[in-house]
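Presented below is the structure to which this report refers.
Think of it as A, B, C and D in the order they're written, each chain with its own count starting at 1.
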Amino acid sequence: MKKNQTLENAIAAIPSGAVVMVGGFGNPGTPFSLINELVRQGQTGLTIIKNDANEPGHGLSRLIENGQVRKLITTHIGLNKGVIELMNQGDLEVAFHPQGMLAEKIRTAGAGSFGFLTDIGIDSEITQPEDLLEWQGQTYKVEMALPAAYALIHAAQADWIGNLVYQGSAINFSPLMAMAANHVIVETPDLGAPGRFKPEHVHTPGAFVDSIVPLESLTSEYGVLEHHVRR
Amino acid sequence: MSAAERILSRAVNEITPGSIVNLGIGLPTQVIRYLPDDFDVQIHSENGILGAWKQSPPEAMDPFLIDAAGAYVSLREGASLFDSAVSFALIRRARLDLTMIGAFEVDEQGNLANWKIPGKFSPGIGGAMELAQKTPRIVVLTTHTDKHGRPKILKSCRLPLTAKACVSRIVSDLAVMDVTPQGLVVREKLVEISDADLQARTEAELTFAA
Amino acid sequence: MSAAERILSRAVNEITPGSIVNLGIGLPTQVIRYLPDDFDVQIHSENGILGAWKQSPPEAMDPFLIDAAGAYVSLREGASLFDSAVSFALIRRARLDLTMIGAFEVDEQGNLANWKIPGKFSPGIGGAMELAQKTPRIVVLTTHTDKHGRPKILKSCRLPLTAKACVSRIVSDLAVMDVTPQGLVVREKLVEISDADLQARTEAELTFAA
Amino acid sequence: MKKNQTLENAIAAIPSGAVVMVGGFGNPGTPFSLINELVRQGQTGLTIIKNDANEPGHGLSRLIENGQVRKLITTHIGLNKGVIELMNQGDLEVAFHPQGMLAEKIRTAGAGSFGFLTDIGIDSEITQPEDLLEWQGQTYKVEMALPAAYALIHAAQADWIGNLVYQGSAINFSPLMAMAANHVIVETPDLGAPGRFKPEHVHTPGAFVDSIVPLESLTSEYGVLEHHVRR
């Protein structure tokens, strides 16, 4: 079954107020084209789940700067002073999680489970008394699953039935989000026929993917960020 | 040698052959530049890399391959790439041997504060809490005092903790100190400095090894 | 045509083009033999395959590639292989469209019992419970009566349940029946049989569609 | 760091009474050579975690038939009448879990977590009242993590530092067990130098592996089982 979609139609499926996961850690894995189309279409009141807010003027930061995001669930926004300022001014609600906890909350939703028991941060200020569970003589912190209606994913390569392959450090949250969201939208610059991948090399099985947007090419925002090159 | 260079050139000796090491954002990620090209180590980057290596030359730079600080890295032979859940499983299962990490404050019980200055700086916790809580050996790389000359090595941290009693060793620009049940023990000095002068720049009480 | 052949040749029509289908151990895994070679379907096997296909010829048989029943399968173009956690994530996240499954007993509420006969047969539950509980559409393939001629389609299951109210349709060797809020509705007969005779071989009350 | 070991030394690390995970679903993924060495060395009182018990005279079944296994934690032993009989006679303690729950319990240990919240089997006879948790207005079943001291794994290919690649349907429980066990022992017929795999094709990163036993060749027990070939 072909899952190919136009950029416009794929993003038009997302209503205002939706909860949307977005792949990527820094630039790698960030679905810039899908985000830019969401900026163009203008849906508002979004809750976004993403490791970081990208850097000012890029990727998720554009969506936030454009006032379309009500709440951001993330791990670290230290590279984005503008978003920190919006948070400090009260214009953007931000919820922080330790990075591995965010990954695991998403993966737990992706596994069809509802929460997990951990000891991470259990005696730190990120833990409230109501998060604690006494169970079989031990104390745990309960981390609840974090699902979403939509996920936006960048894949290096894909086939029509939705099998995905990621590249470099761009894997990060993407396979987890593809499992966890009800409707998974993928962009890729390299879409081909089924059979192109060795079955054991597929990172995300096609069953988790709903629509695939082929990109004609990768724009400059997918390239090397000069200020991160060490001289 | 600058303070940073003193820290980095001493810190590189903390890495033992055959080990798996995470380098935190800031000074630690720069340690990689001080490693000999054939050194037997696997560098873990929390964003899903085991076997990260030095920055590639511009023509070979891969925009899809960065470390946790956003710097473009290369991969060694035998590297593997994986998702964030596996990356932090590796951390929480204590499969790392060593994490080098920065600090706002560190204290004589080995408590570490490096993620939040209430009212001033709270960009989120990133991977620090899990690294600090679960790595068998944590070495803190830090300047001995802050830019105002105030001690960063304290009797007891005042900022919100990243993790309790997690630090094994502190490498500052002045000295190498171990966290022991008897408090901080100075193992080496990295500059010419008297015991009294080093103690004066340190809030925690220092013991000087014989 | 044998009873099994009647079930299988009817069951294959339950598979709609473009769908993702799990075939349980027993009769269901044999449905794959009845699918046209170019049919647009992805067969899921709980042991970590999406895109399993018919048995290879002996010279191409891969001893490292079996279905859940242990039979040597091939892979279609576009197949993927993954671990058991991902395989069951796919099941629990309801990314399957259809599961065909065997039954010891099935009843008019759509309850299914297919894993345990207390005191007689309890080899473990395998993947059945998650498939039955989480697949949007469950079609049971079963002989209408057991080898002693006793009904397997009951008013209420007596054996321990695999999952409650999970079955949408039953394909037996005699008829196709849907589980509806009004009970079991006969949609087709697969043999020449009167309504009364079919009812006589069924404990559940049957409604016959106009 | 080279993790190569002899078969004898690798298995000698396991003491009597140990909890040992064993990869494989049916034949594919079963580490026959490691199991056979465990039979030869004769450790007893073992708790084994494996999807199934293999078939009579093969793999895990040999270890059980030899009286070395005290308890088996599994999902389905329907293809092994001998083991069912040992269970029914009370000579072997057997704990059954739904297959995906067993996988997830192992994976939860592998993620350094302690348990997870599910609804699988929540109103079936496999759930006891003491497994149920009321949390934030909902009822969940708590499934606890299932760790082990040792895991025995078969990999199609490996390198000296422990990177593993699996083949066909032999992936199944192996990557999960490699994460969950404290000491992971791998057999492989194809061991090579680091650099042989593309980094994105590695199934289990070397950090999870402790020792690797190279096999000279695969014996007939790794081959096609004639009685599973449909005529």
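The working rule: a contact is a pair of C-beta atoms (placed from the backbone, for glycine too) under 8 Å apart; a residue touches a chain by one contact, two chains touch by 3 or more.
No experiment lies behind these values; they were computed from the predicted model shown.
Both chain B and chain D are touched by A. Among the remaining chains, the Cα-based centre furthest from that of chain A is the centre of C.
With centres taken as mean Cα positions, chain C sits 56 Å from chain B. Rounded to a whole number, the gap between the C-alpha centres of chain A and chain D is 32 angstrom. Between the CA-based centres of chain A and chain B the separation comes to 28 Å, rounded to the whole angstrom.
In chain B, the residues that touch at least two other chains are 49, 81-82, 85, 88-89, 91-92, 134. Contact with two or more other chains is made by residues 104, 111-113, 119, 167-168, 171, 200, 203 of chain D. Taken together, the touching pairs give a contact graph of some other shape, not a line, ring, star or complete one.
Here the chains touching each other pair up as A-B, A-C, A-D, B-D, C-D. Within the complex formed with chain C, the residues of chain A that make contact are 1, 110-113, 159-161, 163, 179, 193-195, 197, 199-200, 202, 205-208.
Residues 104, 108, 111-119, 133, 135-136, 138, 140, 142, 144-145, 165-168, 171, 200-201, 203 of chain A are the ones touching chain D in the complex.
Residues of chain B that touch chain A in their complex: 45-49, 55, 58, 61-68, 70-72, 81-85, 87-89, 91-92, 122-130, 133-134, 160-164. Listed in rising order, the residues of chain B touching chain D in the complex are 17-18, 20, 40, 42, 44, 49-51, 75-82, 85-86, 88-96, 134. Contacts from chain D toward chain C in the complex involve residues 25-29, 51, 74-79, 84, 94, 96-104, 106-107, 119-121, 123-126, 156, 167-176, 203, 222-225, 228-230.
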